[in-house]
Amino acid sequence: MIPLSAYVALSAILFITGLLGVLIRRNFIIVLMSVEIMLNAANINLVAFSHYLDSMAGQMSALFVIAIAAGEAAVGLAIIIVVFRGKMATNVDQINLLKW
Amino acid sequence: MSDLIVILIPVFPLLAVLINGLLGHRYSPELAGRIALGSVGLSFLCALTVFSSIVSSGTAREVIAYSWFFGGDLHVNLGFLIDPLTAIMLMVVTGVGFLIHVYSVGYMHGEEGFTRFFVYMNLFMVSMLLLVMGNNFLVLFIGWEGVGLCSYLLIGYYFNKVSAAKAATKAFVVNRIGDAGFLVAIFLVFVNFKTLDYTKVFANVGQLSTEMATAIALCLLVGAIGKSAQLPLYTWLPDAMEGPTPVSALIHAATMVTAGVYMVVRTHVLFDMAPIAMVTVGVIGGATALFAATIGLVQTDIKRVLAYSTVSQLGYMFLACGVGAYVAAIFHLVTHAFFKALLFLSAGSVIHALGGEQDLRKMGGLRRKIPVTFKVFFVGTLAIAGIPPLAGFWSKDEIMAHAFMNHEYGFYALAAIGALLTSFYMFRLTFLIFFGESRVDPDVEKHIHESPSNMTVPLVILAGLSVLGGFIGVPPEHGWLHGFLAGVATPVGAVPHEVSAGTLLGLMGVAIGIAVAGLGLAYYLYIVRPQTADEWAERSPAVYTTLLNKYYVDEIYDMIFVEFFKKVGRAWDWFDQNVIDRVIRGIGHAADSSGAGITWIEKHVIYSGLNVVGYANHLLAWSWRKLQTGLVNHYAAVIVVGLFILVHFVLLWVTGKSVL
Amino acid sequence: MIYLLFGYFATVSILAGVFTIALKNPVHCGLSLLTLLMHVAGLFVMLNAEFLAAVQIIVYAGAILILYLFVLMLLNLKTEEQFLHKKYPFFLFAGVAILGELLILIFQTPYGGIKGKATSEVLLNVGPSHAIGITMFSDYLLLFEIVGVFLLGAVIGAIVLAKTPSTSESTGDGPTEVLKS
Amino acid sequence: MLEELQFGFPILSMLLFLPFVGALILWPLKDVDLLKKSALGIVVLELVVSVLLLVRFVPESAAMQFSERLTWFPALGISYHLAVDGISILFVGLTAFLMVLIVLYSWDSVHENVKPYFMSILALETTIIGIFVSIDLILFFVFWELMLLPSYFLIKLWGVGEERQYAALKFVLYTLLGSVFMLVGFALLSLNYHQVTNAYSFDLLELLKVPIPVSDQILIFWLIFMGLAFKAPVFPFHTWLPDALVQGPIAMSVVLAGVKLGTYGFLRFSFPLLPEASKDPTVVLIVMILGLVAIVYGAIIAIIQADFRRLLVFSSISHLGFVVIGLFALNFQGIQGSLLLMINLGFTTAGLFFLAGFLYERLGSTMVDDAGGVAAKMPLLATFLLIIGMAFIGLPGTSGFIGEFLVLLGVFQAHWLYGAIAVTGVIFAAVYFLWFYERAIFGPLGTKLPQVLNDLTQRETIIAVSLCVMIFWFGLYPSPFLNMINGSIKEVVERLDKGSVASIQLDKRLAMDRVFDNRTVKD
Amino acid sequence: MGSYALLTVLFAPFLGSVVLLFIPNRAALMVRMVAAASAGLSLLASLYVFMAYDPTIGGFQFITHWPWSEELGIAFYIGVDGIGAPLVFASSILLFAGIFISWHIKDRTKEFYIFLLILAAATIGVFMSLDLFFLYFFYEMSVLPMYLLLGVWGSHTKGYLGMSDPEGVKLRDSVGFIFNFGSNSKEYAAMKLTLFLSAGAVFALMGILLIYHFSPVHTFDILVLREQAHFDGTLAYIIWILIFFGFASIAPIWPLHSWSPVGHAAAPAATSMLHAGVLMKLGHFSIIRVAFEILPETTRELMWIPAILCVFSIIYGGFVAYHAKDTKYVIGYSSSSHMGYIFLGMAALDYISLTGAVIYMFAHAMATGMLFAMAGWVYDQTHSRDIPSLGGLAQKMPFVAGAFVIACMASVGMPGTVNFIAEIMIIVGAWEKYPFQVVVAVLGIVLTLAYLFKMMRGLFYGKLAPEYAHVSDTRQWVDRLPLLIMISTSIFFGIFPMHFYEIVRSTVVPMLDRINQVAPVVAQHSTGLVP
């Protein structure tokens, strides 16, 4: 039997990987993909706990996460298109409208 | 004699004042003159009635016109006291006054302001009558100040002349100094007696201490000195000659200036209680008599010579008071009123004849041109010089005799020297005017003429009085006058001293000798050897100049008082504007500048203190806003790190040990 | 066997994840992500979540990833020389450090808790799809509906956002003005 | 002083508000001539009413007469309480009289802003009358303060000097500065009343019924003194006076110099209310010294003034010194004399200011250098100037004498030294007045005189003659007026002698009755 | 009937602002009429409340009590006592006058009136709240419209345009400079005011919450709290200090005053009027309502604090006003100076002086309202508030000049105006405890006269500058009406102060009895009033 720790560790590694993607990549779309990685890492966690605790709640959550990921992807990509249309840029460091 | 007549005496002139003063511009000056004259004449008649009734009854009586003012324990009536002293004075004032009025109508004829002149003259009469008739100190004081005012107005009659204006002011102000003293005396009287009525005061005089009596007497004396032009307050009188000549005659010779003497005699009860005051009176009188006479020796203005003569004669009267010879003082007052009025009026006649010339150096040899004037003037001179049997002899001799008999030999000596000088300068005056070569300007000489009859008639009457007036006091010490005034002018506690007739006759002889000596000296100097006087003057220029400049008293007074007070005034004015006002404004300025200071605090402490907080916040934000890169990944990193730290803390809290 | 399978899926997932964030070409990244999703689905299967694995394949790999690739191609992005931030080593270091710490944490921590009813036996009996269906439409019905609305909103939002702006409104903040501020 | 006589008709209110209503009547008038006539009509009517008041006044009585009393603010015991007694009755008449003259004077001398000018004058009259007829301290203070307003504008807008703005503000600030202290003093009086009776009151007649501790009295005395001294003005507080009187219009000079509000206050409030403090040797000494210094100081400064109006200002200060020392002689003669002197100054100072105004209108200046020998051209003016001037320096037979004499007499009774120093003021008065007269009126014609120099017009003659009539009336036959004032003065002197505590014994029963009536505050 | 009147006072302005929302700005006259109508309704109702308040009963009257949250002890609980009634009346007078003063505002008229009505209504709300929660609610509500009124319709101070920050960038908003006294932007003023008052309010809120927390009954009801809550020791001191300084910052007491002149200067005339006239009295009122009612012992022990600070307020404000060159600064500092009198009257804890203080609140509202109204008119006409550059306006605007004189007199406390009554009461009442302060206060009167006359002279007399040849007087009745209302109110109550006095006294006496513990009056004076 594979220990739960293995799943959790895997999830952590993937999560950090996604996080690093968010942090270090300039391309907006890759950043969004990294977010997907993080969501997946979370899903792994949820499902693993669901399995080990004999509960359906984890799976349900994972399901909803997927749904939200879909929504997020749709909206996020729409924003990217808008921004790109305005600024001809998809690099996050070119977009600093949030600055004071 | 009814009360009404007494009251009418001052009322007639007062009515004339009102009529002429208010309506005078409506009718001719002549009518005004007649009204004025008539009023004084009526007044004289009333006075005569009163006088005769007093002579016949010999009792004093009081007449209250109305209650003047009152309050608390003070009650002042406008009332009159008619006693022999008043009666005598009334006769002098109204009589001489009437004559001078008559004279003035002629003298002032055609002058601008004729009506005004008579208004003033009548007002003077009113005041003078109040002065002599009053039954208390305050009525006396009304008259006292009233005559001062009229004197002021009449001296300043030719107000366009600077000298006249100045003389007027001077007269009033110097008088006012005396008045202040008089006021103090009145206050002291009231404080001590709680009344101001003569009768009550004199009745209770015994309760007074000698010190207080001395104080009152000295204060009264100050008043008298001012009014009667004694040392040291005499300087106004010579200057007062700026007024028209009748004024000089009436006010500055016959009546007003003798008010001081009258007052001293009136209040002699107080003086009698104060030996020191008596001595002071005598000393002042004697000194003035001599002092003024010396100045009179060298003056060149006809009226000034007479003025100094007046001062000198007033000194005699004071001297008489000082030795307790009150009757003699009044006697001299009366005779002096006659002959000095005569002298002034005839001097006026001379001046009138010469068209206004008053300088002795431009006269001479007028004897034949204006014979009437000459004659009356000469009579006057004889009278004043003390040639018997004219009026001046008797009165002056009585004063000197009194001084001698009271063993006041110093006073006697003063009086004797004064008499010599009097005789000398009066004859000098006469000789310079009427004898010798004519030094009159040729232009003027053509117009010399004798005065009209309405001027000469009073002169003649006065001359007659000057000749005969002395007999009211003959024989000395026992004349009619002495008897008449015995009740009111006898010194308290005086012991009638009996002296041998020989002594009296001897004294008379000395007096005659003195008078004649003066006459002879003058004759020698101005008729026999007219140049001698100049030689003497050249021989001792210092003395001559000093005398000519009246001992520089005016200049000294100017320096000590007038300039001094002007300087003080300027200094205080400066002080007022620059210190007091500054101090009080300084409070304002202090408030102002503390306002500025507080505004500074508001600006730089409170306001900017708050702004510093705000601005520091601003600067901090400005520097920290760099953190806000706007880059998503930076935010994410911060979130992660923050989350991580948070997790650590939570774990630390839950597990109690550090994760690492 | 099961360790082998887990090792395979885990290793490939990690590698695919690393490639996703490390490759230069965005399209390659997308393909790496696809790989990752597939292998995560495999892990789901290992964890008795067949339905979820199916959803993973269909929704993620089939829909979402295609959307990404579609956008990538739509925007016609070129591979950029500098595809990482300038200061990426800091982030890298921080990330690795956090990862290390997380792993230490994970291996220190014992897991346990209240067991539920959905044991492997139960799932094998009724099938995971059935179990999910029962749960979803009973206990999580409200959540399910909300997610539905959420998705609707996301769809509408995406449409609104991506809509070509009308000319009248485009005069506002143009790119140049925004850049200046 | 405590008894009151009623009068069927509210004559004092009528007197008080007649000018104010008159001012309102003037408002809509457009025609300048009609305006002037109406103003004259109003002040003449006011004079008539005040003469009626004088006629109906019961003489030889200390009672408060024509008393009117309306509750205004019972919580603090403030009431609309009007009455006159011997102390104030003459001032009322004087004010009404002077106002007629002022209106007459202003007839031709005011050319711009005629309407507001006359309205201000009328308003001023109301406030001054109000000061004199108020028995309630607060009501008194009300008018005291309100007076500043028309005064301020009169000086500021119709002043003749260049510095009138400054002068107006200075006047108002000075007076206000003093009067706020006075207000505190009044408040303390009321507080003291409160301590005794547990109710507040500002009514003079009520306050008279309670004793005041001597130490408090002295504090209150000085507080009230500040207010009165600034307004009077007493010596070191006088420096607003030259500015206000020289820069202001003649009308204002007449009012400020002629109507002695400040010293009236001493007689009205300080003496009856604070007898122990007024008798206190230190207080008397200080006030006496201030008064004496004022006499000599003002007179000597007046001597060298080249401007007639400035001369008058300083002579007013000097005369005010007489008034002050007369009051603080604290005996019958002194107080009576001060009262009469105040009235006299109302005639004479006012008269001289009028004449200064006549001169000013003709010469464009009141400087001595610009005049000279005007007696030749303007005999009437010269005559009146002399008559009024002689009254001013206290010649017997005029109104000036009696007052001055009584003051000096009273002071002498207090201490001979005070009297001796004060007497010098008499001399200096002659000096400054006559020296001015000599230089400006006598002497040769001045070189700067204008070509055309008309003597007084009929209107101006009326002003001068009426003043002269009053001067001689008061000087020669003052009995009717003395009868009016003596009763009250006697009362004041008695109170000063006995002290407030003694008098409370006397009126204790009466006082307590009133106190219980007044207890509206406590339930 | 009575409670409806009070509700009308409170809600008529709110209702008016709601109605205004639906009126377009194009119908400007309509906007104004609606605003005026609602303000007028409020004024009439408040007049009724003021006149119908029965001083023989005293206590709180016209009560409305709607429970809101039983658990938290919050209720919508309003009613006025003798202190609230006059202030409510003053507020609605000033609101009504302010509507007319702003009659000529062209820019966003509707919004302006909405905010003005909300401001006034909130102020009125404070004066009638008997519940701490709603008191605080209205208090905060009254602060916020000020920000917009200042920021949008306000005016900059002379000279601020020349300013730049250290980096050379134009910087006129929000923060300003360290030494920019007298030259500020309206944004700066608005921000300063809002921050200051909010900060003060937070302190006050802390105090209120402490009261709530530590009282035995968990309620915000003031009447219940004052009978059942008892605090002592350090806690009472802390609460009192928080309450006092929290509310005193709006009063404003020295040294917390510096927002107020700036705020006055920047605000449009009507806002300044309301602001200085009644908003500042929120501070005094709330202190009386909260500290005096709930913490009587502590009040007695600590009232020396305002007694000391008021000296600074009076003198300090007076002096700065004397030196200020901007009309509104002068009036503003004069207000903050005059607030010292109110604190003095309160500090003495004497019923005369406290009554005087309350009357002074009303009196000062009228006087300062007039002054601000006329400064506003002058500003509208000349576009300048710089005193040295103005002058001679009396020729052009005699009515305003005349009214200004009356306003100055009222502000000085000239007899005949209600200010005088108030002043003398404060002086009489406070002397025994604080004679020094009283002397300072009376000297402050002189100072007041000095700076007001100085300003009057600067504005209305002297030479008229040629650029102001076009200015005009108030001609229409809408311009004159507000001035006349305020003048006549001031003079009316100056001459007939009795009803006013009775009203105030009926509340003040039992309150002070509680504080001074003369007798246990609490029960007597509050029973039967709680519904």
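Letters A, B, C, D and E mark the chains in the order given here, with residues in each chain numbered from 1 onward.
Keep in mind that, in the parts below, contacts are C-beta pairs under 8 Å (C-beta built on N, C-alpha and C of every residue); 3 or more make two chains touch, one makes a residue touch a chain.
As the structure is a prediction and not an experimental result, all values here were calculated from the model.
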Neighbouring chains shared between chain A and chain C, ordered by label: B
Of D-E and A-B, whichever chain pair has more C-beta contact pairs: D-E
Chain whose Cα centroid lies nearest the overall Cα centroid: D
Rounded Å distance, chain A centre to chain B centre (Cα mean): 124
Distance from chain E to chain C - Cα centre to Cα centre, in angstrom: 61
Where chain A and chain D are represented by their mean Cα positions, the distance between them in whole Å: 98
Distance from the mean Cα position of chain E to that of chain B, given in whole angstrom: 72
Two or more partner chains touched - positions in chain A: 19, 23-25, 93, 97
Per-residue overlap in chain D, given as positions that touch at least 2 other chains: 173
Two or more partner chains touched - positions in chain B: 633, 637, 640
Contact pairs between chains, per stated definition: A-B, A-C, B-C, B-D, B-E, D-E
In the complex, chain B residues that touch chain E: 591-592, 594-599, 602-604, 606-608, 610-612, 614-615, 617-618
Of all residues in chain B, those that touch chain D in their complex: 66-74, 78, 138, 141-142, 144-146, 149, 152-153, 156, 159-162, 164-166, 168-169, 172-173, 176-177, 179-180, 183-184, 186-188, 190-191, 565-566, 568-570, 572-573, 576, 580-581, 583-585, 588
Chain B partner contacts - residues on chain A that touch it in the complex: 19, 22-25, 31, 92-93, 95-100
Complex contact set, residues of chain B against chain A: 625, 628-633, 635-637, 640
Contact set on chain D toward chain E in their complex: 72-76, 138, 141-143, 145-146, 149, 152, 156, 165, 169, 172-173, 176-177, 180-181, 183-184, 187-188, 190-191, 200
